[in-house]
Amino acid sequence: MTSTISFLSDFGLQDEFVGVVHGVIAKLAPESRVIDVSHNIPRGDTRAGALAMMRAIQYLPEGVALVVVDPGVGSERKALALETPWGFFVGPDNGVLSPAVALAGGASKIVSIENPEARIPSPGETFHGRDVFAPAAALLASGEASIEELGPELSGDDVTPMLLPLPEVEDGVASGQCWWVDGFGNVETNVGPEELTAVGAKLGDEVSVSIGAKTHRLRWVSSYAEAPEGEVLLHVDSAGLIALAVNRGSAAKELRLAPGVNVKFSS
Amino acid sequence: MTSTISFLSDFGLQDEFVGVVHGVIAKLAPESRVIDVSHNIPRGDTRAGALAMMRAIQYLPEGVALVVVDPGVGSERKALALETPWGFFVGPDNGVLSPAVALAGGASKIVSIENPEARIPSPGETFHGRDVFAPAAALLASGEASIEELGPELSGDDVTPMLLPLPEVEDGVASGQCWWVDGFGNVETNVGPEELTAVGAKLGDEVSVSIGAKTHRLRWVSSYAEAPEGEVLLHVDSAGLIALAVNRGSAAKELRLAPGVNVKFSS
Amino acid sequence: MTSTISFLSDFGLQDEFVGVVHGVIAKLAPESRVIDVSHNIPRGDTRAGALAMMRAIQYLPEGVALVVVDPGVGSERKALALETPWGFFVGPDNGVLSPAVALAGGASKIVSIENPEARIPSPGETFHGRDVFAPAAALLASGEASIEELGPELSGDDVTPMLLPLPEVEDGVASGQCWWVDGFGNVETNVGPEELTAVGAKLGDEVSVSIGAKTHRLRWVSSYAEAPEGEVLLHVDSAGLIALAVNRGSAAKELRLAPGVNVKFSS
């Protein structure tokens, strides 16, 4: 049986790139189902791609994850296929796969995709999504190739990690950063409810939230709907992290937040 | 046999929300086909979502309609599943389902989705598309659950209606409003050709069209192509309603129209 | 067995147009797989649509190509179905199909889709994607109709060609134009590496590139990654054509390029 391929990229939907990758997959693995996880990762933003895949992975059917955020295409960076308890991951060796692979149980086997028979000959070195990664994903999904057949094995030490900032709790302050602004303007931080609890806050409290030189007092509620429209609030979002949000509004606009901005919480 | 799920939302395509819902469906109903009706409904605009679903429903294969435009997520608003002659409708109780349900023949059974076994446990209350509606749609599509198993039955009176403005004809004037501007700039009104006929206009005529303080004389033609490029015209659009359009141009830009603007027609 | 339908349009993803076409196909050909090649072709830009389909066709599984960029919808322009060695092409008679049909081996049979039984009755003449082209594509994909059943046969001379500019080499200058700017800002020209070779340039050289009154000296490299970030470079792109690009940047922004701008190369 052919596995499902879950496909995430920064290709955007303006051009035919995503469609062409679907075409390559359909030719090599006609029975495969392809789920478009997202193709609007900010271009070349491997961290944003890694975070999106990390949030999504537990909801995707076991099978093959095809992740192409690849600003180094055509350079010496390797093309990877990894085997995990969840299934296979295919993508460039720049860290974009790493957090989801870890969540999926870690890699029991890693190869560098180098077998020329597993790639589509191409005039240029700019579209490995089409020429290298899609064929590898399709061959793994259909079982036409084993991971070993794609290329030589690598050790985990050969693979580029993705360093994600961890929140810190010290002297009654939980320090973290914004790491995702969604299309609704909700701002997810890397701080979890356990860190807020550690600094003495609890659901229902007002919490001090410092961003740059400004400190806001925001209520920690259990859903948007508990706050009046327009109020900036804190809540645990759908990924289990503390997020700033505005009921029927945009916290990102309201507080001028973007990924990477530091945030400190205290009670 | 698994039914097709037709999925409409205001999630946008920037984030992985749509992909995650596809993942949940694929896990619970691996044989299901999912049609993405649209995911770019203006955020939180339940009326726009209801109108899009109303226009689409007759062209969608019978099965399950999953409609998630849900500004009240996390509030007391109910999560609904409805049975109709067309199939099942799943979505929030805010009116977004109502017009399409009516077109589909009306609901013979309505339940409030409350069965905890039919939902995905989640840390937050912000993504019912993933945690409540997608599982319900998948279970109904695959036949794994009957609608009765999803939760307690409601009567039609318990369900939030969607009040759509009706056109009026009085003293030789047909009054209505713009209710959809498509991506080409075509402006659909809620006025049908029968109202224009009632005020004495007929295909081929120039018709007086009043918007705010301005009155335009526009030709009622049978297709864009009958007017020279740049001319604003009236025609019956693909949903059978009177629309303002410009051959190879945007009527919305030309006349500064947006959903909700009032329009009056007379001959 | 039902063929795959590869669907390209300028419908955009704001409205439910694409979803409705999928619905029509799913109703008429329930077993069909549909690949969305792209739906963000600039509206009404038949040349851009033709070029995208030309780039994509070799990567799409043989079957049916449904191409709807149709600024003349509702006019006298014909609706075409063509048979080629690759499979069937369905779309308006405005040249948008022609380059891909030629690449696919040329048309052995061409018909004008006129059979009223093969179309969906509609109140308006604005959405032939839904009412004419989708049903024809679905019937051909499922084998429910032969191409002859769709309407009367045409000769190749009856079909509108797409005139694509060819590059010229004269007096040591290769003259061409930009014909695609992708979402990353890469600028593809209609000039191939053989033209650069003909004017004495070779991989690794600096090449003179004249755009308007300005001449740039750009290196011809084999991939983005060979140039430092920010440098404008020349390379052979994924379609085998000479493109201007910036490693992790946008050549289109850097040099203010858009489709149609003339470019001259000399060594």
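So that you can tell them apart, the chains are marked A, B and C in the order they are listed, and the count of residues begins at 1 in each.
Keep in mind that, in the parts below, a residue touches a chain if its C-beta (ideal position, glycine included) is under 8 Å from a C-beta of that chain, and two chains touch if they have at least 3 such contacts.
Note that this is a predicted model, so its numbers are computed, not measured.
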Original post:
Since chain A and chain C are copies that touch, is their contact same (over half of the numbers shared) or different (under half)?
Top reply: different
Original post:
How many degrees of rotation map chain A onto its copy chain B on CA atoms, rounded to the nearest 5?
Top reply: 120
Subject >> Centre-to-centre distance between chain C and chain A (centres being mean Cα positions), rounded to whole Å >> reply: 31
Original post:
Which positions in chain B touch two or more other chains at once?
Top reply: 13
**OP:** Note which residues of chain C are touching chain B in the complex, please.
**Re:** 11-20, 22-24, 26-27, 30, 43-44, 71-76, 122-127, 130-131
Subject >> Residues of chain A defined as touching chain B within the complex >> reply: 4, 6, 8, 13, 33, 35-40, 52-53, 55-56, 59-61, 182-184, 186, 193, 222-226, 235-240, 245, 248
